Amino acid sequence: MNDYIRPGHGSGGKLMHELIHDIFFRHFGHHELKKGSDSALLQSNGHRLAFTTDSFVVNPLFFPGGDIGKLAVCGTVNDLAVCGAIPQYLSAGFILEEGFSIAELEKIVISMAREAKNSGVNIVTGDTKVVHKGMADKLFINTSGIGYIPEYAGSFANNRKIKKGDVLIINGTLGDHAIAVLSEREDLPFQSTIKSDCACLNHLIHSLLEKKLHIKFMRDLTRGGLATCLNEIAQAQAIDIEINETRIPVKASVEGICETLGFDPLYLANEGKVVIIVSAEDASEVIETLKADDLGKESTIIGKVTSENGKKVIAESAIGGKRLLQMRTGEQLPRIC
Amino acid sequence: MNDYIRPGHGSGGKLMHELIHDIFFRHFGHHELKKGSDSALLQSNGHRLAFTTDSFVVNPLFFPGGDIGKLAVCGTVNDLAVCGAIPQYLSAGFILEEGFSIAELEKIVISMAREAKNSGVNIVTGDTKVVHKGMADKLFINTSGIGYIPEYAGSFANNRKIKKGDVLIINGTLGDHAIAVLSEREDLPFQSTIKSDCACLNHLIHSLLEKKLHIKFMRDLTRGGLATCLNEIAQAQAIDIEINETRIPVKASVEGICETLGFDPLYLANEGKVVIIVSAEDASEVIETLKADDLGKESTIIGKVTSENGKKVIAESAIGGKRLLQMRTGEQLPRIC
Amino acid sequence: MKYVHEYRNKELSQKLINKIHHSAKGKYTFMEVCGGHTMAIQKFGIPSLLPPKIKLLSGPGCPVCVTEKSYIDTAIAYARLSNTIIATFGDLMRIPGSTSSLELEKARGSDVTIVLSALEALKIAQNKPDKKIIFLAIGFETTAPGSAVAVVQASKARVKNFFILSAHKLMPPAMKAIVDEGVKIDGYICPGHVSTITGSAIYDDIARKYSLPCVISGFEPLDLLQTILALVHQVNEKHSTVEIQYARAVQPNGNPKAKAIMKQIFCETDSEWRGMGNIPKSKLVLSEKYQQYDAEKMIPVDVEPTISDKGCICGEILKGLKTPLDCKLFGSGCTPENPEGACMVSGEGACQAYYRYQSQTEIT
Amino acid sequence: MKYVHEYRNKELSQKLINKIHHSAKGKYTFMEVCGGHTMAIQKFGIPSLLPPKIKLLSGPGCPVCVTEKSYIDTAIAYARLSNTIIATFGDLMRIPGSTSSLELEKARGSDVTIVLSALEALKIAQNKPDKKIIFLAIGFETTAPGSAVAVVQASKARVKNFFILSAHKLMPPAMKAIVDEGVKIDGYICPGHVSTITGSAIYDDIARKYSLPCVISGFEPLDLLQTILALVHQVNEKHSTVEIQYARAVQPNGNPKAKAIMKQIFCETDSEWRGMGNIPKSKLVLSEKYQQYDAEKMIPVDVEPTISDKGCICGEILKGLKTPLDCKLFGSGCTPENPEGACMVSGEGACQAYYRYQSQTEIT
Amino acid sequence: MCLSIPVRIESIEGSEAVVSINGAAYKAGIHLIDNPQVGDYVLLHAGFAIQKISDHEARETLELIKQMKSPF
Amino acid sequence: MCLSIPVRIESIEGSEAVVSINGAAYKAGIHLIDNPQVGDYVLLHAGFAIQKISDHEARETLELIKQMKSPF
């Protein structure tokens, strides 16, 4: 059963991590790659750079709150920003299916251009490939990005020591992206006003770094959702984390759809959310700074670091019970039981 | 007839150039992008960088002389190298079709790792996406690359002035890649010993730059073949070029297959060929240097710059007749007449 | 009132927990037969809040876990036929058959599509008259009425290319079989949503003949805690009656309309249960009159011989004789990514529930 | 000897060019009717080497350019049927029909596949018995025998799902029509590969009745220069006979086996030629006996009404009355990327050949 | 088994109802429910409303717990 | 029209021959050729050999040009 690519290999959870470790890390082997962080932090001729890549394959291409083009810019900008880099340059690689509408392509490109402008990055190099009808699903976009590490973010990028008692902050509600995209698909017949949270977070993050707040770690949530992200953090930083489920912001309609389909919002995809670890004493100033930005209005503390030597993520439920929160194992499938 | 993506939009010829100008250049608008060169030459915090991207969608994935993985490394390394950059870091973005064999994926990854090692670059960041069965053709790879511009290549990267009488050099035979790939496809039932020329040219190019030979311009040949590449050069550099068809190296079997299918070798894809413009007096030393490398054994002068103020490419035929060589217009289709 | 968050109140649950701690005297073993209960119990961390003398066992309440392997093998055989579309709830996608799974068959090119309802499957059939649509009808009494509606609609609209492959199972025969097998329990947390359809009378036999307390429970923490408290009380007082904790949704008589349509379309038959062997009259199949919608009757197919699980103790876990931690494969040879047995596949299978929501005691 | 590069010798061609320059006294207009000749002439830059008093006109020798628009519309209508595969030479893919093209239909989801030979199309039919395969049989006398072989094979193997949509055209009727239309030429460069099948006798009428010199030419520069020289000589000497320059491939009697199978399978009929109107007995269709392979006879389809070209002077170019440069659309409204007329689509269509291999005089 | 949540009937057309799942709309089959009314809360399972929710009983249950005396 | 190039017959099996196109192999139909032999050069068009090439005539043609006297 292991020999074929399955949807779970791309869903940001455990299967994907195994594939990445067993195949990519093993053969490519570079230490920056193996860190598995959002961007590689590099030296180029004495200069410090962040470099990252992502491909975008979302279906449908247009969804409430965004489209694949906006996503492609935000995803890469965010991966640079959470590493403390100032995003500067993006590449854009298009794979187009024969028969795809050029008018739709233009809409997507305009959306990319707008988002790039808003976030202050330039798309400086590109590529276009066309595949025959049926050989791709309309259009895929790859963006890669380069940023530089400013002086004041230097120590952040080197990872401050995370301590017991440090708190975890998130800048808003979970799962809006996943549900907005799902409800737009014909095969999931929900109608809602839920919009994708898709957004470039670099200005929000920049406002923290500029104030020289003691940010200890940041990661943007994407495919695997909060639970997978926290597990990645716990493992990479060798810490135990405990979150309080009642404090995790989830929209009522998102929660409802999740209960209907048997999904867990903690594992739903997001595209404009970042988890930030700060010391407890800095938390209120961080939240205040975040709340000053539209993208951080609902920022809140969701949990804390409970051990400096661990790798577990624990969730405390509404009634005080506790459970181990693991990585997502495969693509979440709608179910009846 | 214009509203849909057609194969020609990706075949490196005129349709593609129109799409790129009308959609991508128009909306993205950055001057480096609009140059349409192999890599963007950038300033990042006072540091000079080259940055490029390419997606790879070849069918079949494995072909005589290479595979999609080798191609993905070589293509991006070459785009950096022809701009005078020393390729350093690559990203690797995979789009995998559900059901694709993980063993084949590993073969491809090993091939990428090998080629990266040979060419001296590191794959430092990556991404994996899985799409449902039938939504992609097995596997697509995007690589983006970063290089730095060494001192001694600085003036090259700024474009020396191309003068009338300068000569054009190529490092070997045309069309081997296209024909190797075609003959491997079930729908084109040829059998031959032709191998793809797919190769990383950075060491070959480096050997020229190190010797501080007066290289005036370089571009690697890819999808659109020699004719498209020369037209791009003529337009971008505002020069007239004249090539001599009898001097253009083409393997006999490649030529034969072309005549059978109605293809023109001047428009066939290559993945290890570079066109170099040098002053006539430097030509012999450049060729000598190229010939010292395995990848340059068949280097030869194919033509010259005939005007410093033009944009035409003229081909002189075996019998001395002349014709205008234009960009390829669409994907070449096998035909009977 | 939205009937969800009100039942997740921390103060009220603390009151119930205190009461349970206070009331629990001896040792108690209760079985929740519904996978939804298993999930909720783990998700809200209820074991970490109960006194250690109360033990909760997971029963055969995940329709996916109890589905016989030969059923999956049959579905896979159908998936491999050309011109056939398998419509299934997501639950079945990753269940291992003898040598493959529906997910893998889809990856290999079969047309397998996930639906949210039996009516969606029927709609596909109506939109693609050239194809045969086989709906994998799984689930207990809660789900079977929906399949019945789809068959009635297909019949009304004269749809000729819609078929069901039924694995609809009945809950009471399995609950009895568990006790007959000798599993030692002190009471049943009875399945709330099954009971909305069936009503409470189906458990009368169990309470009376087997002298087991039965409480029909809702799925929120207050529901479950209240149910556990009621069970403790019954045990303490040596009662064994059927109580309805989930009164807001369960009528003593259930849902007569749903029961009627089930009766119209289906008849009962003996059936294999994964890991539990044959249980008499425990499965619903289409009655004579609706044969033309029965995939097995109408579409001949060669099914590969069933290969039995190696090392998987799913069956004993379903019977409540063992817990997932007793399985040598748990967590190493068998994980949600690469499940060996069915209990690891479903989100509410006992093994996956354990794997995902491991209780605090096991964490620290 | 490999029969290609030997005929691209620069010294020998210079000899011929000198001789032509020396022999050319008055003004000469010769027409090459074969698109392959048009291509070779442009590719080797022959116009830039001839004295200006020799003018070469391109005739109707591209089977794609002369294919009536309604044929493309019919092929498109077939492409839109479900369960149908269109098998075509690459040449037809981009030909504009009234409102679409095969390339566009493929982009929209139709199954259109490129083949290198009629037998490949037959193989597809044998591999996919559920589908109807329609082979677009285009080409002149050179290509028609291959289609005939495929029909014979289909008949032998009792293949029931292979069909051809014939647009096989005959060369001599068109060559006569051109002169009848009043096009002023001094001689024909006769199509070499057509003649390998037909032999030389088909041009006898033209040489005799129309008093036009005819030289059957090969496709290499030496062939073409030698042919032009021979035509100049005939004109100078007021001869008009049929000469075979391409003797290494053309027998006076052609290829009797190919002629026989063509005769067995096909019969002649009147036909529209794009831009040239109706020409009697200029097309091959399947004879009565092979009707079951005739798409038009066996597969009914609604074809959209043909919309005539606006501004395209393809027809006059084919007749030799105008050159592409006379067309207002050439190079702006009509380019190989967005062709308006058929002559711009095919690599050997007069307009595309001009566009791609513009002669040196026009370059500078 | 049997995932099910309470949803509110927003409108009815024949044997289908649009239900609100905390604000998200979904078309559910109401073939199995007697006398469904707009405003009713029903349990949604596998695309069908399977039972109405009794507001009275719902409050009763909570009231019972609220009024329970603490053992300590 | 009618792209065609000379190819060499390398082997024959029934009505198909493997032909060499300057070294590349292709399976061509030889239904239309009388008495095809390995070593023959034939013209290949649309998948079929349509005519044998006469080596004698080929040399003759070249010879003719070679022996032509220059007009100057």
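For reference, chains read A, B, C, D, E and F in written order, and residue numbers begin at 1 within each chain.
Keep in mind that, in the parts below, contacts are C-beta pairs under 8 Å (C-beta built on N, C-alpha and C of every residue); 3 or more make two chains touch, one makes a residue touch a chain.
Note that the structure is predicted; figures quoted are calculated from it, not measured.
Interface note: chain A and chain B, two copies of one sequence, contact each other through mostly matching residue numbers (shared numbers exceed half of all numbers used).
Look at where the CA atoms of chain B average out and do the same for chain C: the two points lie 59 Å apart.
Spacing of chain A relative to chain B, judged by their CA centroids, is 34 angstrom. One finds 74 Å separating the Cα centroids of chain C and chain F. Shared contact sites, meaning residues of chain A that touch two or more other chains, fall at 2, 4-8, 98-99, 132, 134, 189, 259, 261-262, 335-337. Under the contact definition stated at the top, the residues of chain D that touch 2 or more other chains are 4, 35-36, 62-64, 89, 107-108, 116, 120, 139, 143, 348.
For chain F, the set of residues that touch two or more other chains comprises 1-3, 5, 22, 45-46. Contact between chains, per the stated criterion, is found for A-B, A-C, A-D, A-E, B-C, B-D, B-F, C-E, D-F. Every residue of chain B that touches chain C in the complex is listed here, in rising order: 98-99, 133-134.
Those residues of chain D that touch chain F in the shared complex are 1-4, 6-7, 12, 15-16, 18-19, 21-23, 34-36, 61-64, 89, 116-120, 139-140, 142-143, 145-146, 149, 191, 193-194, 196-197, 219, 222-223, 226, 245, 247-251, 255-258, 261, 348. Across the complex, chain C meets chain A through its residues 4, 8-10, 13-14, 35-36, 42-49, 62-64, 89-91, 93-94, 96, 100-101, 103-104, 107-108, 113-114, 116, 120, 138-139, 143, 221, 225, 335-338, 346-348, 355-360, 362-363. For chain A in complex with chain B, the touching residues are 2-11, 16, 19-20, 23-24, 27-30, 32-33, 39-40, 42, 44-47, 49, 51-57, 59, 88-89, 91-103, 105-106, 109-110, 112-113, 116, 122-132, 134-137, 140, 142, 144, 146, 148. Remark: chain A residues 179, 183, 189-194, 252-253, 255-257, 259-262, 335-337 touch chain E in the complex.
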